[in-house]
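Here come two complexes built around chain A, the first alongside chain B, the second alongside chain C.
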Partner chain A sequence: MTQVESGNYFAGVDIGSTMTKVVILGEGKEFCLIGPTGPEHRKMANRVMEEALRSASISLEDLTYIIATGYGRINVPFADRQVTEITCHAKGMARLIPSARTVIDIGGQDSKGIRLENGKVIDFVMNDKCAAGTGRFLEIIADALGVPLTKLGELSLSAEKPASISNTCTVFAEQEVISQLAAGESIPNLVAGIHQAAATRIHAMVSKLKFERDVAVTGGGAKNQGLVKALEAKFGFSLLIPGEPLVTGALGAALIGKEMCARAARKGVTLARKPRQLSEASFCC
Partner chain B sequence: MTYALGIDAGSSFVKAAVFGEGKLRSYSILPSGGNYAQAARKAAEAALERAGLSFNDITNTAATGWGAAAVDFARRTAAEISCHGAGVFYLFPSARTAVDIGGQFSRAIRLDDQGRATHFVQNEKCAAGSGRFLQVIARILHMKVEDIGELSLKSANPVKFTTGCAVFAESEAVSRIAEGASPADILAGIHKAMAAKIVNLILRLGISEDCVVTGGGAKDMGLVRTLENELGVKVLVPEEPRISAALGAALLESQPCI
Partner chain C sequence: MSEIRKPRALATQAAGKAGKFGRANLAATLKAKEEGKKVAYMYINNGQDEIVRAMDIVPAWSENFAGVCSAKRDAEKFLQKAEAENFSRSLCTYATCTIGFDIWREELGEIPPNTPWGGMGRPDMIIGSAQQLCDPRIKWPQATQHYLRDVPVWMGTMYYPPWDQISDHRDQEELYVKYATEELRALVRFCEQHTGKKMDWDRLEAIVNLSDRTWDVFIDTYELRMAIPTPMDTGDAMNTMVPLTFNLGTQEAYDFYKELYDELKEKIALKKGVTENEKYRLVWGAGLPSWFALSDFQYFNDKGAVFPVETTYRNAEKIERLDLPKTNDPLEHIAWRWVRIWTHWYDKARKRPGSLPKVERIIEYLEDYHCDGVVFHCAYSCRSWHAGIIQQEQVLKKAYGDVPTLIMEGDIVDISSYNEVDTHNRIDAFMETLGAMKRKERANSAGP
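And then the complex of A and B:
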């Protein structure tokens, strides 16, 4: 283990179920990189990190502190520390949209509602038990309709009358979509119906929190304008979306790392760091 | 002689049963496909042919199940719970708990000593404890649903699934297969995950013996054995577990109206 002295680069690595995100905070600059997670978390964390380092024109040794977050956060051997994605999302959102008091994160395999104050989490709700209302739900339906996931939002905007689809179970919704398609329902109407089903589910979950405005949306789901529109209809007001909603958690992780180092420096202590190597660590350490 | 016809239009299969002279005369089971009315008519014709009868011999027809309303030749539709209860009680007069594991739903019904359904609980919100779960897993293992049970019984080391959700379990199964888990261990793990959901349902109702399991899920011996282990109670399975509701519908139609 080497010791932290001073430095100017902080990295956040967010290994989600579907996408791996890296943010490097430099002197007045931010670098983001996003790649698919795939089954081999460690390899992917290394690859996305390498690319992020390249775009920042620095090497791994230049990183003062590295924080990993997300579902695969234990699979980042070069991370100095792990922080939960809920804390990181709150921190990242406080930077991106300072007026946000509630964050809805629609991820690949879960969805969450987070209440925050001054960038700190004060309450949260989470669904990781059931695929309904998560990115997986949209992925499965897109597959069943033979439509790319990234086209769902645009398609749904041309719907005339959203189809009625069950919001309870992805497996049942898939079957409903297939039989309604066979009965002649249009793809835009089905996609809009799916967005309504997902929005109903997410709204019900977030309503368990005493949520306050502004409400911001992050995660892959925030990139789907049809889903956001359906959510806005449920909430009855506009939702705020950061420029790149995927990197909120990784940005938060990098910011937390920076704050930890600053705090440590004030107290005159040094933080322990992991060896700066992108090797594939084995499971036995 | 009067005969009654019962049709159970389920989400996966349509079942027809002919009841007359105090007993089950014949039955047939056909995939539902996209058209319940058509599948029901074909199933009825097949059952009648097996009994050496025609539609003219039938005094009353009742339809039950998910697609009951589409069965245009039925005199009336009957509640699934009563039909299941009546059918199970006819097959096993000792039955006090009837568990049905269907294509989309699973349910548990309490029967009194007359075979009347007094209480029931069902899961219609989620595929977790239903036959759809088995179909999803069979698809990723490239095998037939009917072969699942036998293979699962060979498992020495069931995979532990962290989820009850069929969608998440599918991704989990894919990861475990990639890590080298055997299909038998995957299936045994899936049976445990399903059984946990079904046992929860049964315990909400409270179990009283004898416990009878019906529906397509009851044909999966791996699932039935796992249920028995988790429940700690011996479970009875009819010779053809899928026809209990159709049989019950026919049975209720053949009894004089009160």
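And then the complex of A and C:
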């Protein structure tokens, strides 16, 4: 371990189940990079970080503090600290949409509701082990319909009458979609129906929190216009979406690192940091 | 095959010794068969312990056996055996684990190979306790008898007055005590019939008296955990509950808590806590633990969080606080103790609008043990207890205030219901929430 002395760059690395995101905060500049996670978390963290460093024209050694977040956060050997994505999303959202009091994070593998106050988490709720209401749910249905995941949102906007999907269980919903498709239901109507089913699930989960407005949506699900529209119908008001919802957690991680260093400097203490080395992925003992 | 895992760290020496009780209890059922003593399948927290002890019947605690299989991560073979007989996975996995073991033992005519801790001896009788709300305990003995056709079943039902916000439970209390006493009397007759012995009422009275003293020393000991830092947390209590839960009415159980009392006193004098840096104190608000994942308590401890108190397996109270009416009938005494322990938080709950007895108990612990938050555990197959957890959490927040809470998910026995990464992620997020709350409190107390 070496000790932090000075520096102007802070990085947040968010290794989600589907995508890896890196945000580097420099003096008045922000750089972000996104890539698929895949099975080898460490390798992808290295790759995305290398690209982000190239964009920022700096080296790994130039980073003052690095915070890893997301499900794969323990697989970032060069990260100085790990913070959960719940805290990071709250921090990132407080910066992107300061009026947000509730954050809905719709990720690839799970979804979460977060209540915040002054950028700090005061309560949270996560989906149970069921994939309903997560990106995985939509991914499986998109696959069953032969539609690219990125086209789901746009496609659902052309629905005439959303199909009624009674199951929120991913496996049963997939069967239901296939049988309705065979019965002649249109793909846009089915996709809109699936969005409604996912929105119902997410709304029920977030309702466990005593949520307050403004409500903002982040994560990959926020990029799906059809899902957002279905959620807005459930909530009964407009939801706020940041410009690039995928990087909210990584941005929050970088901001937390920056704050920690500032706090440490005020107290006259130095923060320990890991060696700045992009080691190759290894899953052997 | 059981999984080889690193032993869990325990804060007290007593917790390490508690396992010997469980192992000895199982061994006693096997030895009893050799010695021609009667063995009874029994179910915990039933009010029947002392009768069985006084009749020299050796109890075989089915839930304990399933818990041991789970803790050894060696229950799957029994669950699969039951599943092959069409017992659903969503049934109580304590029941399905034990029924799977029973089916297999009957098929082989001996204990199945590699059964954790040697398994349980075949019962001569099954003493059921259809405790209110726990539906599996009504049907479990009958389902077991389906495979053990020659084994007689007795089913007792010890009710207690239901909670009501406006009416005083004491108005009907005596009726419930009378009913419970008659149930216990029927159990004595059943035991006499199947052992061929008569009840020694003086001996029963002495055992009941010993149980009362054990309850007292148990509570005195556990209340030492109010100390800051706490000398023992719930991780240990999941071991130290064994003598109270499975050995009530024995001198060994009483002595165990006397010894634990002395150990905790010593730790308090040395200011030796569960963790070196106790940052957060939490109430284990409800739920049986995932026995195969008890190291999660260690995970909390490593992050500076401790559980000085839990509602789980704390089925005792100081006898004087229960204000039991005097009686010369030991069965009636057991009945009063039973009814009063279940109704202990009724008065307090009535005084707080919108509260519930179970919530009131959590509030009492939050205050008395200086806790910062509450953790619940939802075990999917134990619906009778866990179905009300979300309600308890919401009532707590509504009636008392916005206390940080965490609901974990898993099961008591079925490891396939558990996701370690997800569980640890939730714990991490909860720790960060508690940290933010503490910083806010500090900032507020520092003033503008």
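Here is the rule we use: the second predicted complex is superposed on the first by the 278 of 285 C-alpha atoms of A that agree within 3 Å, B and C clash if a C-alpha of one lies under 4 Å from a C-alpha of the other, contacts with A are read in each partner's own complex, and residues count from 1 in each chain.
As a working rule, a contact is a pair of C-beta atoms (placed from the backbone, for glycine too) under 8 Å apart; a residue touches a chain by one contact, two chains touch by 3 or more.
Everything numeric here is computed off the predicted structure, so don't read it as measured data.
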Simultaneous placement of chain C and chain B on chain A, clash or fit: clash
Which of chain B and chain C A:T87 touches, first, second, both or neither: second
Which superposed partner A:T170 touches (first chain B, second chain C, both, neither): first
Touching partner for A:S179 - first (chain B), second (chain C), both, neither: first
Partner chain in contact with A:S55 - chain B first, chain C second, else both or neither: neither
Which superposed partner A:I122 touches (first chain B, second chain C, both, neither): second
Chain B versus chain C as contact partner of A:A131, first or second or both or neither: first
Segment of chain B intruding into chain C (one of 3-11, 39-47, 57-65 or 219-227): 219-227
Residues on chain A lying within both footprints (that of chain B and that of chain C): 129
Complex interface listing, chain A residues touching chain B: 39, 109, 129-131, 136-137, 140, 168-172, 175, 179, 182
Contact set on chain B toward chain A in their complex: 34, 104, 125-127, 132-133, 136, 163-168, 171, 175, 178
In the complex with chain C, residue positions of chain A that touch it: 71, 82-84, 86-87, 110, 117, 120-124, 126, 128-129, 208
Chain A contact footprint on chain C (complex, rising order): 390, 402, 404, 409, 417, 419, 421-422, 425-426, 428-429, 432-433, 436-437, 439-440
